[in-house]
Amino acid sequence: MDRLKAEAVIEAILFTMGESVEGSRLADVIEEDLKTTKEIIKELSDKYEKENRGIAIIELDGAYQMCTKGEMYEFLIKIAKAPRKYVLTETVLETLSIIAYKQPITRLEIEKIRGVSCDHAVNKLIELDLIKELGRLDAPGRPLLFGTTEQFLRSFGVKSLEDLPELNSEQLEDFKEQAEEEIQLKLDI
Amino acid sequence: MAIPVKLEVFEGPLDLLLHLIDKNKIDIYDIPIVVITEQYLDYIKNMKTDDMNIMSEFLVMAATLLDIKCRMLLPKEVNEEGEEEDPRSELVQKLLEYKIYKYMSFELKDRLLDSEKLLFKRATLPKEVENYRHPVDYDELIQDLNLSKLHEIFKSIVKKQEDKIDPIRSKFGKLEKDEVSMEQKMSYVEQYISKNGRFSFRALLEKQCGKMEVIVTFLVILELMKVGRIHIQQDDIFEDIIITTA
Amino acid sequence: MDRLKAEAVIEAILFTMGESVEGSRLADVIEEDLKTTKEIIKELSDKYEKENRGIAIIELDGAYQMCTKGEMYEFLIKIAKAPRKYVLTETVLETLSIIAYKQPITRLEIEKIRGVSCDHAVNKLIELDLIKELGRLDAPGRPLLFGTTEQFLRSFGVKSLEDLPELNSEQLEDFKEQAEEEIQLKLDI
């Protein structure tokens, strides 16, 4: 393979693999012998030495891995530690309210109520420490049960779960009647 | 012997219509409704689908085509600007819009095939960086949200869920055959005719109890009229209808 | 920050993070304004164009992500795990294209255009992370609104929604002309 192209291929492989790749495997892909392959990696590696490059190739016992240069560490920490702005979207809030009032509850039950998948919202709420896993339901598939956390109680100024306002069956009946009236109206027209 | 024809699968009634328009090489702006309706009905007659949902969607379009066919026969409707309205125009607009998105979906598919060749990589953050979580500022996150607002949200979700349930159909449990059969009503009405000779439609209906009975009786009258067993006469609109044996 | 160093830092960050990083976050780390940051990314990106490079930077709605070049695919699949392929049926693709061009859009509007129910397709698209809920429409029943995700941009190689293949009235005119030509053909025969 053409040298420049071989460099590109090795760069692409080391990038996408992330982990270390043996020299012989790289040689197979670029269809060169190991010696030539090592020379090509050396050339590629030398180019990475330039000051405008943030990555490098390290050799580990005949295998190669792409990594960031040591002096980049402080910047990586900086970006990882930058505070992220969290916002509770409507979806996340709805999911939270369902979990608060119906806990312990499974994903499936939440999805039934909302009519759409809730994976993203549930994960977000766990990340924010507003809900947590409570255990598993003793049912086929043993689905996870979710409930609110202490952080939730703290943030919403609730002393305990008993403090949550109840949605009683009377209210449910009201909703049902309203719905029926609306249907009746439509039929009468 | 009829050769079994492998029917193409269509993505819906509009897809089927576009196929027919294409096959017949006709102008989408000037659809010969009679021809298309016939072919459309032929197609769904041959459709072997057990899925009632899919079938019903095709039937809705069939009804729309028949409706357009009827309206084409009637004097042209005139809109507010006094222009004649083509009963087909709404369907044409729908077909064009659908055709555009169908076309775009092929364009997108090409892009998907190109982009599938790009490979990414997982994050390779040092452990301590990866595990770092910036503390969440709950005051900022929760803002003016409080328990009663959360409760409002929950109530509105529950209400929406209730709205979705059709209180009438949800009580059906399962669908059963109607207790009023066409055959039974037919023989009843025939007896009634032979006994009365000439009678008022209203009087006949008054003897029926329940909505289903009224509907089936009405259908029986229509059928008898079609086959020429009875004559009906109505002197003025909303007047009683007088039925006589033919 | 010195330009060359800034390039190195951005390269290191994009390499390490793997996922997309917003331009503004990169700007914070290199302590430059967004405009300058974008220029630096552009320069870096241009250097990746060279034939001996196997990686590239793609832009996704103001965020940046590092990936391999498309022409590397044949070599990469020899060694790397092929990415998850989406097998999108025609129905799902049609639904996706309607959502892409008409977002935010409700299920009902999609069904109106397609003439068939879209529940299955919408759920599938959410599962594939190609679309997401955007909120609810302020109308009776408060129906959910859907729009495309960043994964959609990535999967379809689109920088931003403005970059979608154009959907214009010209296309409509083409359809019209085609139809007319066909008629003419028929008349001529």
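Chains: A, B and C, in written order; residue numbering restarts at 1 for each.
Everything below uses one rule, namely that a residue touches a chain if its C-beta (ideal position, glycine included) is under 8 Å from a C-beta of that chain, and two chains touch if they have at least 3 such contacts.
As the structure is a prediction and not an experimental result, all values here were calculated from the model.
Undergrad: Considering A-B alongside B-C, which chain pair is linked by more C-beta pairs in contact?
TA: When A-B is set beside B-C, the one with more contacts is B-C.
Undergrad: Using CA atom means as chain centres, which chain is nearest the centre of all the protein shown?
TA: The most central chain, going by mean C-alpha position, is C.
Undergrad: Give the label of the chain whose average Cα location is farthest from that of subunit A.
TA: So the chain farthest away from subunit A turns out to be B.
Undergrad: Just the number, please: Cα centre separation of subunit A and subunit C in whole Å.
TA: About 19 Å separates the centre of subunit A from that of subunit C.
Undergrad: Report the inter-centroid distance (CA atoms only) between subunit B and subunit C in whole Å.
TA: So the centre of subunit B lies 34 Å away from the centre of subunit C.
Undergrad: Could you work out how far the Cα centre of subunit A sits from that of subunit B, in whole Å?
TA: 40
Undergrad: Give the residues of subunit C touching no fewer than two other chains, as numbers and ranges.
TA: 15-18, 66, 68-69, 72, 76, 80
Undergrad: Pull out every residue in subunit B that's touching 2 or more other chains.
TA: As it turns out, subunit B has residues touching two or more other chains at 119-122, 124-125, 163.
Undergrad: Over in the complex, which subunit B residues touch subunit C? Could you list them?
TA: Of all residues in subunit B, those touching subunit C are 11-14, 25-29, 53-54, 57, 61, 94, 96-109, 111-112, 114-125, 156, 160, 163.
Undergrad: Mind listing the subunit A positions that touch subunit C in their complex?
TA: Residues 3-5, 7-13, 15-18, 21, 25-26, 28-30, 44, 47, 51-55, 66, 68-69, 72, 75-76, 78-79, 82, 89-91, 115-117, 120 of subunit A touch subunit C in their complex.
Undergrad: For the complex, which residues does subunit A have touching subunit B?
TA: 12, 15-18, 67, 73, 76-77, 80-84, 86-88, 93-94, 96-98, 100-101, 113-115, 128-129, 151, 154-158, 163-165, 167, 171-172, 175-176, 178-180, 182-183
Undergrad: Could you pull out which subunit B residues touch subunit A in their complex?
TA: Residues in contact with subunit A: 119-122, 124-126, 129-130, 132, 134, 136-138, 140-142, 145-148, 150-151, 153-155, 157-159, 161-168.
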